[in-house]
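The same chain A turns up in both complexes below, where it pairs with chain B and then with chain C.
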Partner chain A sequence: MQSEIRNPKSEIASRRMFLGAAAGLTFAADMTVLNALKSPVLANELKKNDKRVILLWLAGGASQLETFDPKPGRPTGGPFKAIQTSVPGVQICELLPKLADRIGKYTAIIRGVDTGNGDHGSAARMMHLGRRDEPSIKYPDLGAVIARELGKADSQVPDYVSFYTATEGRGNAISQSGFLGARYGAMFLTEGNSPPNLRRLEEITDLDHQERADLRKLLSDRFARSRQSASLSSHNEAYSRVRGLMASEKLFDLSQEPTPMRDKYGPTLFAEQCLIARRLVEAGVPFVKVSRAWWDSHGQNFETHLELATELDHVMSTLLDDLQERGLLDHTLVITLSEFGRTPQINASLGRDHFASAWSVTLSGCGIKRGSVHGKSDEAGNTVIEGKVGAAQIFATIFQALGIDHQKNYHVGSRPLPLTDPGTQPIREVLA
Partner chain B sequence: MPLPTTLKLLKDHSRQEILFGLARIPSSSRLFLGASDGKVYDVDVLAEKPEWKALEGHSSYVTGVALANGNQTLISGGYDGKLIWRKVESGEVIRTIEAAHSKWIRKVLSSPDGKRVVSIGDDMVCRVWDAESGDKLHELKGHEEKTPNHFPSMLYAACISADNRLLATGDKVGHVVIWDLAAGSRLATLEVPGLYTWDPKQRIHSIGGIRSLAFSPDGQKLAIGGIGHIGNIDHLDGPARVELFAWEKSEKLHEFLGDGKGLVASLAFGPDGKWLVGAGGDNGGLVQIYDLEAKKVARSEKAPMHIHALALVENAETLFACGHNKVAVFELKA
Partner chain C sequence: MRSPLSKKLRGGWLGNPMFALAMVLAQACAADELLPPDKPVEEAIDHYLDVRLAKDGVTAAAQANDANLLRRTMLDLVGRIPTAAEAKAFVASTDPGKRVALVDRLMASPAYVRQQTAELDAILMRGTNQSLKEYLATSLEKNVPWDQMFREMVVGQEGDAEQKGAIKFVRSRAKDTDKLTTDAGVLFFGVNVSCAKCHDHPLVPTWTQEHYFGMKSFFSRTYDVGEFIGEKEYGIVNYKTVQGESKDSRLMFLTGEVLTEPESKEPDDNAKKEEKKKLEELKKGKQAPPAATYSRRARLVEIGLKEGTQPYFARAIVNQLWNRLMGRGMVMPLDQMHDQNVPSHPELLAWLARDMQTHKYDLRRLIRGIALSKAYSRTSEWDGSKERPSDELFAIAIVRPLTPWQYGTSLRVAVASPEYFSSDLKEDEFDNRVKQMEGAGRNIAGSLEYPGDDFQVSVDEALLFSNSDKVKNELLRDGKEMLSTKLTETKERREAMDTAIWNIYSRPPADEELQALEQFLHKHEDQPAQAWKQAIWAMLTSGECRFNY
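Up next is the complex of A and B:
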């Protein structure tokens, strides 16, 4: 835990500065927010109040054997070695040497994941919703729930940003606000790294744009004075966020980031999007999903993981270090999730197929007991022999790590709907 | 033997291991097979009851085996980066070079005169060794460590000409270098991008690469094998592809694209240089005969397993192959 400033005068000063920063967040959700965060006092204030999530969605199903649950020397183990991490007795695949050095500092590994669903579409939905679909209820996904729970009503940065640039599996990686309503839906980016249509048209000056907004508000307020309507207030709320969202365009602009920092992350699309994710959470966006597709290595599994796991190792390590150095990791939870893992059996194309019976998830940073490992698969990696968990327990653990009661109910009409299914327990061994 | 018109499976043996590398004692059916359990197996596959003698020493997949010094010495290399020299008759280890390559060794081969050993690895270096002393003679660097899209590249394939003069190496992105083996100097380069698939949109990673190389008996032509463009790179779901070059003129003579799917992982010329055999596959196995005069795939046959390596005997009437959980022997007839 980081030490806190106890000098009363400093506390008053920092509170005032924080309120100023919060106002800045309201009225100028742009680089000024990032600049304000350079003050350690403000960063500390913000950290105390704001929790964030970055979800690294490893779409298509990353192999647990080539990442966080290696089985060296077994026929199912494949050709990669296991390497020692910074936690005594804990080994991961040699494709992740940088993460191996950081497990003890940042990360918990959950190895006993058995979700029992090896179909891309429905498994991905389950790992986004934390539960199976129900015909009569459209549940919100993790991002929408986090946006609802951690987003601020007056925030003008987006609450939920989702990157999915590859086309394969995009439809599976749902962005669904469900019964929470469109307010908590994702800003879903599929082309490039910046939201389309966010920039003010060049032929309209900023003053014109502001005056148009003022006129719209004047007319709208007059219209609303004699009416009560949820949809009307939602409509007005959406408009009130427009200028903030427009100003947030700079958060997506990596040319604003110093070249040495961009070089640290590296030149790949995934690296760029993870750096943008850091910029977004730093500016107050509570949930960012960066999807890295496509890990579905039915053929040439080892070659595919040489590319993708090597990239994950570098980019995720850089992201965790960056968040830590900025004082953000204690309040930011970084998750790796897939729809499933991959078969221990190696097929004739030197591939691994879909496998949901014993795979791995990681949680780093906020609320996590760093260096902990929960669950164990058997020697060949075929079954979970200790600490079996499913999607609901993973979601409960995520909520608990963020200080959200996982048994909290939402209500749809009179029906109470808990965040996780009744009886679900978080994985306490990985919680700080 | 002229162009074979029939290809018949004579025998196969099932194994638990994946068999990646194959070297054969001439005029015999005694094979040395590099395996996924870190062992090299010494076996006469046409014996009535083959005995599989295991030679230990590697800690990962053994992907290259070669015979040198008048077939008195066996050299093996694997994903552990290690090269091991042994006496063929006793299996006794002569020397071990622990870190011959800093990344996976993909192939080990010997020159036809048995005096040189060549190893290639994902450190993107080709090393030439004196077969007898084990001294390193050359470190040949002609392949980029990263692909144009910033991912690690791989150096998959190499071959040596029949006159011991030429060495060719081929990498993941389709870059080929032809070297003077004795001098260690670069003679020419070729680009074969049709064997590499980078998917920038759907899946954002790559597959393929040059997986096999063979010089024609006169050394003038170079056959280059792999897999053609793949739409869905989750699988080896692309056409088996071989390109033939007159390498000194950098002239592509022909592209062979038949009905077969998957990688062409190993290639060998027929003795007259007029035909070529290639083997590999996807989830299934594939053997193809390429007619260089008619410029077509003359035969395309299924094999009982995905094949990783082959050896064509001196008269080209028998083909030994190893691969996924099997070793197989085929008969070729004109």
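Up next is the complex of A and C:
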């Protein structure tokens, strides 16, 4: 049990790194190994193995035609042109010029996504869970699984942070730890950029706050001494993380970021939250989700995408560059995901409707074969003609890119539940 | 598709026909040899648990002390910790019959109905964002038998044209027949057939897709129209088998028994149009559709309670209540009560199920029996000199997280000044004050997660208690009815510490914690009011206050 190892504070850093590296191994408290890890060189090596994820959730359904799978010149193509990317033969929509320059350096495009579900609610759930909802099993969402797989028991930072400031579609963009339990639930931010209850109330001094926590621990430990219960341990563990999490409040404070960096990202809320996401993964948060709403362009699809795709282009490019420059991109996976794409047909309101038969997802950074493209839609964009994939394969690919076995089982009672549905294969072509 | 595990199981000892036969024989013999039905419930419980302990060579933990037992019993029966006065009186009493008197007094109190209502509602309505509280409160007060409640929840109550009563169980799930099927199977029969939806059940060879869709058929004719539900008299569930074959399902119960039905005909298009129009009108007029003359849901109740199939129903409620009061079921998980999942105490489960059936599904009878058993009153402590027995032996009390409702109310009771619950209060007034605490406790309870199996406390909870205005304003404010003010005004520190520990932990203080508190208070004696608030906070958030132990 990871939580049962007791180390002096000075060792926590190296221990966290060790645990990161040991994820997946059967863990024994072998002090000789721990001591070896005190060597800074080795520790640094291991730190690089700490994988993280930033999920850009394009809520409402981004149009693949105005982003990563344009069909210029077709009746369904719309007014925007396709432009050449840094990968020979690969074009994306002209609304994404900055990303076009970076595809070859950072990103894989998955074009043949067919998820067969055009309903906001259940499609969003599917793209969060990687599978269809099941009445009897409350599956954890991607963030909760990553929190569980990559988070550390005693982590001083949150495991899973989720931004969703807009109200449209927020109810669909579930944050659900399901059978993994609330321990892996998201710190869910709906207002502002700073999570609730992270800041000490003014009425209590920092010293008192610390000392009452010490008293709490003393009383609690006395009670727990002769009793054995996993729930009871989790209670004490949760409280032991409070002080560390409070210290992480500064991660959400953008005034600590130099002005030139803030200017680079830009002034929009999405940009700010992406910059916070970078601060968070840099500090070791395994999963951050930034939601941008509302792409649901039943009317005026092209205006909507002019605004939103342009913003995505700038912010995502800045984020990828920033992660790269900090040496973080090799172990940070940046994902763009929606509940579905949009119809090739343009409706009477110059909009595009819900469409789940041939849309696109991107994966950048960690574990990804950069510049690769998987799958192909037909000339009009109506169907997938090559490399059709669904939610399960995308999830399997994400897990593989992070070094997590996508066939690993969790157990609910006696029932084994693999991370992705049995028989699912990751998309090897986009994996490094 | 069958998982590799299922192959292993079917090929291994579970799948061995000889083993299966042995199991059946063992159960049949057990049924003949059960203890006589007139044994008191608590004696039967202890008898069977002791037999297993002796067989395994395990000595059970000692009985819990009075203060511990009182706290546990009150949390389970009335949903809150005792007040300091109640705790002191119970500990001081030398009446040998005090435990029985306590249980009977608690179960006769209005708070008992409120607590059972809250717990049952949480279980029955989880995941629906609707509540059955009103119905449950009335029914539990009258001690309506569980089989009748089952009928009312699945079929509806007489004279409930508004559909505001028990039928909300179905109505809240009518949009999702799969959920309705699964929940009904889990809650009333202890069986989760949803694994058999897409393929035959991997662990239970006797459960096939046919069983799942057979069970679904009981609900498939139920539809919702506006705020009401109705039931059609035709309609067949069609599904695709793993082999891709399209199949009409028969009305089949879990046991495989197929029900014969009156001939039903799919109406023609015109009739369907007509029907649709009628429903639109009903919806507009906000009226409920007329009851079906033939109801498949009524057939489910009928077969569920029939001689021979009834044990599913009886065992499920026994296991459910046992789990709630003992911290785990005799069958775990609660929704896997099938013949491949052997109960920890098969004879006891059979005895209690039979007792349920022969005593009109009287929930109170079982709850009382468990609460008076020696198994229930063991300590949760284990000294560690011997290997700790496994939880399934019930040799040590299991530490259980409080439900949000229990924790919310208990926190409010804990921070009320002892005078607020003075023993001079008339019974009515006392209960009114308790009710106020229950109401006030909901605010914090609303932020907490309902504990399921393997519950883990979230860091959100710890942050909420550590840094929120809510907790500060509700639990740590000043006021003459508040514990913190009372303690600050108490001159003798030792006396104040005693008061705090009785009030929050419902027991006499231990030296070690007195020292710790003394040290803390001494260090902060320049600000005694603040010091006490922080000390109270530390006690409220400690494991002892958060769990039923």
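The rule is simple: the second predicted complex is superposed on the first by the 385 of 432 C-alpha atoms of A that agree within 3 Å, B and C clash if a C-alpha of one lies under 4 Å from a C-alpha of the other, contacts with A are read in each partner's own complex, and residues count from 1 in each chain.
Just so it is clear, contacts are C-beta pairs under 8 Å (C-beta built on N, C-alpha and C of every residue); 3 or more make two chains touch, one makes a residue touch a chain.
On a predicted model such as this, the values are computed, not experimentally measured, just so you know.
After alignment on the shared chain A, the placement of chain B and chain C results in a side-by-side fit free of clashes. Looking at the shared chain after the overlay, A:189 reaches neither chain B nor chain C. The partner of chain A that touches more of its residues, comparing chain B with chain C, is C. In the superposition on chain A, A:181 contacts chain C only, with no contact to chain B.
Of the two partner chains placed by the overlay, only chain B lies in contact with A:304; chain C stays clear of it. In the superposed model, A:293 makes contact with chain B only, not with chain C. Once the two complexes are laid over each other on the shared chain, residue contacts for A:208 go to chain C alone; chain B is not touched.
In the superposition on chain A, contact of A:110 is made with neither chain B nor chain C. In the superposed model, A:99 makes contact with neither chain B nor chain C. Superposition on the common chain A brings chain B within a closest Cα-Cα distance of 23 Å of chain C.
On chain A, the surface touched by chain B in one complex and the surface touched by chain C in the other have no residue in common. Residues of chain A that touch chain C in their complex: 134-138, 158, 181-183, 185, 187, 196-201, 203-204, 208-209, 211-213, 215-216, 218-220, 222-224, 226-232, 234-239, 241-242, 245-246, 412-416, 422-423.
The touching residues of chain B, counted against chain A in their complex, run 16-18, 36-37, 59-61, 79, 104, 122, 149-152, 154, 201-207, 233-237, 262, 281-285, 305-306, 323-325. Chain A makes touch with chain B in their complex at residues 60, 75, 79-81, 165-168, 266-270, 292-294, 296-300, 303-304, 306-308, 310-311, 346-351. Listing the residues of chain C that touch chain A in their complex gives 1, 3, 5, 127, 176, 178-179, 181-183, 186, 192, 194-195, 202-203, 332-333, 335-336, 341, 380-384, 388, 398-401, 449, 451-464, 466-469, 472, 510, 512-513, 516-517, 520, 523-524, 530, 534-535, 537-539, 541-544, 546-547, 549.
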